[in-house]
Every structure is written in C-alpha cells, then in structure tokens.
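Input: structures, listed below.
The following pair of complexes shares a single chain, chain A, combined with chain B in the former and chain C in the latter.
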Partner chain A sequence: MNVAAKTYQKGEIPGVIAIKASACKGCDACKRHCPTGAITGSFGATHSVDVDSCLSCGQCLINCPFGAPYETSDTVDEVIARLKDRNTTVVGIIAPAVRVAIGEDFGLPAGSLVTGKLYGSMKKAGFEILDNNFAADLTIMEEGTEFIVRARHAVFGEKSEHGAEIGPLPQFTSCCPAWVRLVETKYPTLIPNLSSAKSPQQMAGTVAKTYGTKVWGKSAEKIYTVGIMPCTAKKLEASRPEFNNAYEYNKKNGRALTDKPYPDIDTVLTTRDLSRLFKKLKINLAAEKDADGGSLLADYTGAGTIFGNTGGVMEAALRTAYAVLTGEELKPLEFKPVRGLKGVKSASVKLKDTKYNKEVTVNVAVIHNIAENIKPVIDEVLSGRSPYHFIEVMNCPGGCINGGGQPIYGNGSSWLGAIRPLFAWK
Partner chain B sequence: KMVTSSNNNYILARTKGLYRDDEKASIRVSHANKSVARYYKEFGGEPLGHLSHELLHTKYINRTKGLS
Partner chain C sequence: MISQKTILKHPLSVRIFHYLLILSFLPLAVTGVFLYFKPLSESAMNLTMQIHVVAGVVLTLDAIAFFLIGFNRVVLFLKRIFYFSINDIKWFAILGGYPQKILLRKKVVVPSMGKYNSGQKLFGICVLIGGTILIFTGWILWALPHLMPREAVSLLGTLHTFFAWVLTLFLLVHLFLGIYMFDDFKAMILHGKIPYDEAKEMAPLWVEKEIISISENSY
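Right after this comes the complex of A and B.
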C-alpha cells in the first residue's frame, strides 16, 4: 500500500490502477485520457499514477498503446476457487454494458448483444445470476422517487414523509464511482447534491445477501457476490467499508450465523477479467447456447439496460418520474435529447404534477467524458447559476460501455485516431 | 470536442447494442418491473421507505481532509 495515500478509508483498495514501469515508453497517450491529471512523469520518462488524484476509472489502461497500466486487484483465480467450492453459492452480478462488449473477446463484432450466451457461459462456470439491470430498475425506483421528493420540496415546499433531510437541486446521479470519487476528493460542497441512492452494484450486493437468501434458499454467509463490471472503479467502490449493509441488517435481525462481517460485494471482475475466467475454464462464449437468468433477480426492463449508455440513467429516470408525476407513460419512451456523444446534452420536459395540479418544467443535463466536459457544469452549480434540476454524470466517454474494464479495442491503439488529423491524406 | 474518431466506431456499436436490448424488451419502464414490485412487496417495503434507507442508500465522505 502506498503510505502517502490520504484519500482512502481503511480497507479500501488505495487506487486500482498502476503503471508497469518496464512497459511504459513515456509517450503521454494516457495523460490525454486521464480526467484528473493524475499521471505524472515527463515525456519520454516512465510515468506513474498519483493515487490520491486517481479516480480508478481505467481510461489510461484501455487507451495505452503499450499496455503499461494494469489493475492492482485481480481476483479471477479466487472466483474460480469459489465456483469449485460446492458449499458456496457464487452470484454473478452482470452490469448492462458487459453484454454488448464481452463478445469482442470471443471474436464477435463490436456491439454484439450476447445476454443469452453470457447467461449460458455463467451457468456453465457455476454462477447464479443477479442481473444488475434488475438493480438498475431498483435504482430508478429509489433515485427517481428521491428526485421527485427533492423537486416537490424545492417547488412546493413539500416536507419529507419520513422526516428525513431533503437534499438540494440539482440532484446528481450517483451510479458512477469515478464521478462520486471526484466529488468526494475535489468538490465536497457538492456532496448534498449527490443522490443518496447507492449504485446498482451495491444495491445488488445488499439484495443478494438479504432478499436473495430466500430466492436461492442459502444463508448470506454461503453467498459470494461477484460484481461483473465494465469498470475498474467498481473494484474500489466495492471495497468501501460502509458497504456491508446486508451484514448489519442480518445481524440486527438475528440472521447472522457468526460475528464475522462480510461485504455486500465480495469481489469485482471487469469484463476482461470475466473473459479470462471463461477462457481458463475452457468456455467459449461465442459458441455457448442461450440460457435464461434463472430467477426473478435476473428480470429487467429496457430502462434498466440502457444504464450503460451516456444518457441512459437520465432517460430511465425520466420515463419513471414522468409516469409517477403525470399518471401517464412518457410518449414516445425514447427520449432522444439525452442520447448521443455530444459532451453536454440538455433538455427540458414540461409536465403536469397531478398531485398539485400544476405545470412544471424539469431541466436535465447529461455529462460524460468528464475530462473534457464537467468543469463548466460544476462551476455553474457551485455559483448557484445552474439551470438544471437533475444531472447525470458518467466519467467515461460514451458511458459505461466504454468503461476502463471493457475489452481493449484495437490492441490499445486507439490513440492513433488522435494524431490522424495531423496527416492531410487521412 | 469528442474522443478520437477511431474510438467512436466501437463506442457507437456498443451503444446501439444496449438501445436494441431496450427496444426488444417487453417491458421498458422500471416501475413496471414485476420482480422489482415483488421485491418491495415481499421484503423491501417502498422506495425511500425505512428499509430502503437502511439497505439501498448511503452517505458520502469528504476526502479532502486527509483520511489516513
């Protein structure tokens, strides 16, 4: 552990990304993809990562042409050992973005949607499945309701039913752990603006070890939860010591078998890690038969699955908030203004809050690729001039589908695209 | 300004894959997920309810002050 680290709680992984000195050529490609300037070392010299500035997003890792950045946490063999242990129920929690990327590691074209083959491969490996899209739907119920409470408090002065403190507007989404870490390390005055809803991964872990004990007929102590994520920062998120809500709940309710605490998420594999696990177990995902999820915890809606795209969380939240406020479904369901790769997308939705019989306008914004796009939006909020009520933020360009844990496209040569405009003939 | 053009091809392909998953879904709004409704009915109570606060929400930490 880096003894200089000052921004990590005890028990947390102090930075998921490190740079292998022997592989680094000092080319600076990584620096252009780092959202916080956390990579040090001059051009031509070996680079290293400042763990306190680093968000663990892994953008440097997927964009390095020499494969120098690596993950400090690799638990593929540990998960395989758990899968072989008949006394352990290993639950794989599959994020939305995994299903449109893992095929690339098995020779399928980019963007192939392989949910059925992924389920089949997981089952062959011995996993039970909790589709994180289920938890994404759950997140919308919590975060969408939270937004309605904050908005009605701000507009109509409505008080909390449960006497809880109501946070200010704009409400920021809280699914992206790199974004949450940016707020916690650089903009702590914005903490009250973050939705208090845990990320889908963390909700899923808690549900697996509470309600899931009924679904699978196993005690929480026998359930081993594996987040399967497009994201390196999810490894850090899962290691936050406060994320043992299931243990605390089970203990309080006399359902803990021992005094030994357990985390909600036992470990996290990136999409790349899962591909390696399948290959070690001689499972060829591309040739695998389709399977279904096997339990109600794998049921998900279209709103849950688009969480992996920039704008997807906002679109899913709007579909539900609109229905709750107006009593009617949003038509059409596709909310195009928040889709696409523009750096900052914004939209206004006029709707009638049937509870108050008043027209309201909800202004939303969606930011991705925070390295380039977050600063002006944050400055507006800090100065009290932000026109927005609800803001979605994802660290990575394009959202989780281009997360730091995804298959590396073109052998890490994506930096070539950046210099291409310098050549007149291309 | 957007990321490099060669990146955009695979980013857009994966993006389309998820929108396709949405389009072919029989249910496309979270509040109509019957299994989520069942979770609340059998166990979780209601969104933002007591148990939801305990299990599904969290607090954040000011990390600018030096934690260790």
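Right after this comes the complex of A and C.
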C-alpha cells in the first residue's frame, strides 16, 4: 500500500495495479496503454505506478508483454472461505462482459456466450445469482430518466419535482469507475456533468442487501456480495466508503442488526479471478450444464446486456429516453450509429416530447479508449462549445468487453488507436 | 626461410563492416548486460537503454549496407560457414588444438581448415542467425511492442535475451582468440593482410584451393 497516496478516501484501495520490478523490462509498452500517464520510470529503467494518477483500469496489465503489472487485491481465497461458510449467503453479481469471455479460460472459442454454464458453475460453487444485467436495467432507467430531467430543465426550464438541483448538460455516463476517477482527479469541474446514477455493480449490491434479504431469506449481515467484473477498477469502486447505502437504508428502517456499517459490495473478482476460483474448486465451466438464475434478480432486458460494449449504455439510454418521451418503443430497436469501434462516435436523434408536444434533437457521443480519444471532447465541454447533450464514456478500448480484468488473450493486441511505432527514448 | 609474402584476407569492405560491428556490438553487449541485471540508477538505466538503441540502429544499418554493397562477400561468407566435412568433427574433438597450445604449450596435429576454422564457422553461423534475430526482435521490442500480440512480443523478448547471451559469451571467446591470433587481429583492424606462411599453416585448404598469386614480389 502506498501510504503517501493523496487522491483516495480513507478505506479505498489506493491503487489496484502495481508493477513487479523483476519482470519489468522498461520497454514502455504499458505507457502507450495508460490513459493518464500514471506509469513512471524512464525507458530502460524499472517502471512503477503513480497511484494518484492511476485509474486502476488494468490496461497496462492486460497489454504488458512481460506480465509485469499485477493486481494488489486478490480475494479469491476469501470468497472460497465465504462459500464454505454455511451461515453466509454469497451472491455473485455477474457483469454482462464476463459471460462472453470466461469460456476462453476453459477451452471454449473466444467470444462464446456461456450464461447458462456460468450460472451452473456458480451454483455448483455455492453462489446465489444476481445478474448484473438486471442492475444495468435499473441503471439505465435511472440514467435515462435523469437525462430527460436535465434536458427538459435546459430546454423548457422545467424544475425538479423534489426541488433538488438539476445537473447541467452534457450528461456523462457514470458506470465506468476509471472514467469517474479521471473526472474526480483531473477534471473536478465536470463532476456535476456526471450522471448521479450509481454503476450497475453498486446498484446490484444495494439491491442484494435490501430486496435480496427477502429473496434469499437472510439478513443483510449474512449476505456477502461479490461483484464479478471484467474490470480491475471495479475493485476500487467497491471500496469507496460512501457505497454503504444498503446499511444506511436498513438502519433507517430498523433492519440493521449491527452498528458496524457494511459495504454494498463486499469484494470484487475479475473474470480472471472467477476462472481461478472455479479451477481451485475443480469446476470445469465448459463441462457444466446450463442452469437458470433462480430468481427475478437474474431477469433482464436486451438493454442491460449491451452495457459491456462501447455504445451499449448510450443505446440502452436512448431506447429508454425514447420510450419515456414519446410513449412508444424505438423502432428499429437497434441504434446502430453508436455501435462499432470508432474512437468517437456521434449521432443526432429527433424525439417528440409528448409532454410539451415539441420535437427536440438530442446530440449524443460515445467515447471509448480514453487514452486516445477523451481530451478533445473534454476540452469542448470545458470551453462550453460541446455540441453534445449526452456522452457515454468507457475507459477501455472497445468498452468493458476489453476490460483490465478479462482473460488475457495472448494472440491479439487490444490497441485500437492509431497504428504508429513507439520509438521510446526518455 | 620465412616468406615475406602476404595474403589479403579481409578486404576493405569487410574491414569497414567489422569496424562498425565493433562500434555497435561491443556497446550493445555491455549495455545489454546492464539492462538485464538493472544495477544502475534510473537516469543511468535510461542512458544505458539509449546507448543500446543507438548502437542497435548502427548495427542494423551496418548489416543492411554490407548486405547490399558487399553482397558477393556475404555469399562467399555463407558458402564458407555452411560447408562442413569430417575435418570439422575432428577439429572440434581437439578444439582446434588451442587448449593444448595455450594451456600445455603443446602443439598437436590439427585437421586442415579452409579460410575459417570450424570454431569460426560455428561463430559465423551464430552471428548470422543470432544477429539477424537480435536485430529483428530488437526493433519490435523498441518500436512496436504495443502493436504486436502480447505472446508474440513475450516470445521475441525471450529470443532476444537468449541470443544476446549466446553472442555475448561467444564474443568473449572471439575477442580472446582474435587478439591471441595477433596477425589476424592486425589484418582485420589495420591492413587486411596476413603472412602467407601463417595462412598456409592455419588455413591450408584456403591457400591451396582459393588463393591466386597476383605477383611473386609484391604479395
């Protein structure tokens, strides 16, 4: 732990990524994947991570040819111990991008969708399932509705129903913890532009320890929530001290059995971690039979499913906004201009707001691979010249699907930006 | 009676190639060892890597230039280092007689050799293959590590380290024997010529089969 870290709250993991000096060749490859220049050390010298600049996204980890970066937080054995404890209900919260990646680690073709096998394997390990797609649906309803409120406030001067302050446009998505940390540490004036909605992981944790107590018949204190994410930054997000809403809610409603606050998410496993956990428990995911989720908390829509790709949150938000504003479902349902791997995608959508009987044009942008693409967009917003009303940002190239916690695909490069040589020097 | 005749063993193009090889490979080997063990401060390691890169670029240009300008020498070199006979096995069995000569001050009968003895041929093969791999992998590791598949770069890194060690260790032997064979050392560093009598003793097959007398008096 870096005790000198200045950009973390008490209780947060101060930097999920570190570099093993003995494995580092000083080749600088990692620096080209780092969105914030957080990797220090001259070309040729052993590198290290400046935890205050680091977003914990893990892009250096999955791209270093020599396997030098590693995760400082590894709770696989702790989760296994909880799974063996009969008094604890361990809830696995599976992100959308996990189910299309974990199969690789069990010999299935890359990109195999293994939702049923994943459910089966998790149940065999002893997990209850809360599909994060369910929580992604909650997020998009919150985020989409929030956008409508902000847009109506900006266009029609509509006031908040509850008298609360309404944030400015453009509204940025807030699901990506690396992006949120970038705003907090580098562009704090943009914090009001971030959606106030929590990420699906954090919503899922709160749901598990409130509504979930009825589903699984256990008190919140006996529920151990495990985010299973394609992302190393989710480990940092879960450790944020403000994310104990379930405890606050249960305490307010007389349901808390203890005065000791508990987090909404107890720990986070990456896709790689879960794969390791299965292997330790001798569970072969590829050979498992398909199972279902077992409760309403594993039901979800197609909008939640596409969250893991760049453009997925925006497409889901537009579907929701369209339905709320027009009273009809978007047809066709797919909104293709925000799909694909272009660094910055933009589109305009004409919507008729039935409440005001007026047609409005919503300009949206989708940004991924922020190391390459975020700066011009942020500069426009800061200077007040941004043409956009709603902007989705995902840190990793391609979105969560290529997150720092995914299985490391040795035969490919995740570099999606400009193809140019490095010629490292300083 | 000792003959004053000499044989041109290393033409100017080869000597220039070799000068640049000394200027590039020696710093590459030294900095490479430092980069492997990383014993220096950050700024010193950075300087070490910068010297490594500059020397690597010089080595690359030297190799490409020699390949293009001295292509006939390259072909001859390839023909010579890849020609094998039973004599090579016999030569390796006694290590060319060098241990006996150096350690025991004893002269043993050495199988007849061509321009390059068996040890030099092995070194030549290592330099050719290892050097090519080092140049190729070095450029990838320097300029393109973020654009290549992760496992491929990792493998190239391992190959770079392996061949760097092979050539660096071989270099120590080469330097020692190069200076030990002082006439050959002078030929490579200065004028290119070695005494006829020494050539006849060290490389009799070369002298018998390949050497053409230009002038009775001058060479």
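Just so it is clear, the second predicted complex is superposed on the first by the 410 of 426 C-alpha atoms of A that agree within 3 Å, B and C clash if a C-alpha of one lies under 4 Å from a C-alpha of the other, contacts with A are read in each partner's own complex, and residues count from 1 in each chain.
Assume a residue touches a chain if its C-beta (ideal position, glycine included) is under 8 Å from a C-beta of that chain, and two chains touch if they have at least 3 such contacts.
Being a predicted model, the structure only gives us computed values, none of them experimental.
Peer 1: Once the shared chain is lined up, is A:194 touching chain B (first), chain C (second), both, or neither of them?
Peer 2: The first partner, chain B, only.
Peer 1: Per the contact definition in the header, classify A:65: touching chain B only (first), chain C only (second), both, or neither.
Peer 2: After superposition on chain A, A:65 lies in contact with chain C alone.
Peer 1: In the overlay, answer first, second, both or neither for which of chain B and chain C A:319 touches.
Peer 2: first
Peer 1: I'd like to know which partner A:25 touches here: chain B for first, chain C for second, both or neither.
Peer 2: Only chain C; A:25 stays clear of chain B.
Peer 1: After superposition on the shared chain, which partner residues are touched by A:331: those of chain B (first), chain C (second), both, or neither?
Peer 2: Once the two structures are laid over each other on A, A:331 reaches no partner at all.
Peer 1: Once the shared chain is lined up, is A:385 touching chain B (first), chain C (second), both, or neither of them?
Peer 2: neither
Peer 1: Just checking: does A:5 make contact with chain B only, chain C only, both, or neither of them? Give me first, second, both or neither.
Peer 2: first
Peer 1: Tell me which of chain B and chain C touches more residues of chain A.
Peer 2: Of chain B and chain C, more residues of chain A lie in contact with B.
Peer 1: What residues on chain A does chain C touch that chain B touches too?
Peer 2: 409-410, 415
Peer 1: Enumerate the contact residues on chain A facing chain B in the complex.
Peer 2: Against chain B, chain A makes touches at 5-10, 96-97, 99-101, 104, 109-113, 115, 134, 136-138, 140-142, 144-146, 149, 161-162, 164, 180-181, 183-186, 188, 191, 194, 196-198, 202-203, 206-207, 210-211, 214, 242-243, 245-246, 249, 296-297, 299-306, 308-309, 312, 316, 319-320, 323-324, 329, 333, 339, 341-343, 369, 372, 397-399, 401-402, 406, 409-410, 414-418, 420.
Peer 1: Under the stated contact criterion, what part of chain C meets chain A in this complex?
Peer 2: Chain C residues touching chain A: 35, 38, 42-43, 45-50, 52-53, 141-154, 157.
Peer 1: Mind listing the chain A positions that touch chain C in their complex?
Peer 2: Residues 25-29, 32-33, 41-46, 62-67, 408-413, 415, 419, 421-426.
Peer 1: Along chain B, where are the residues that touch chain A in the complex?
Peer 2: Those in contact with chain A are residues 1-23, 25, 27-36, 38-40, 42-44, 47-50, 52-64, 66-68.
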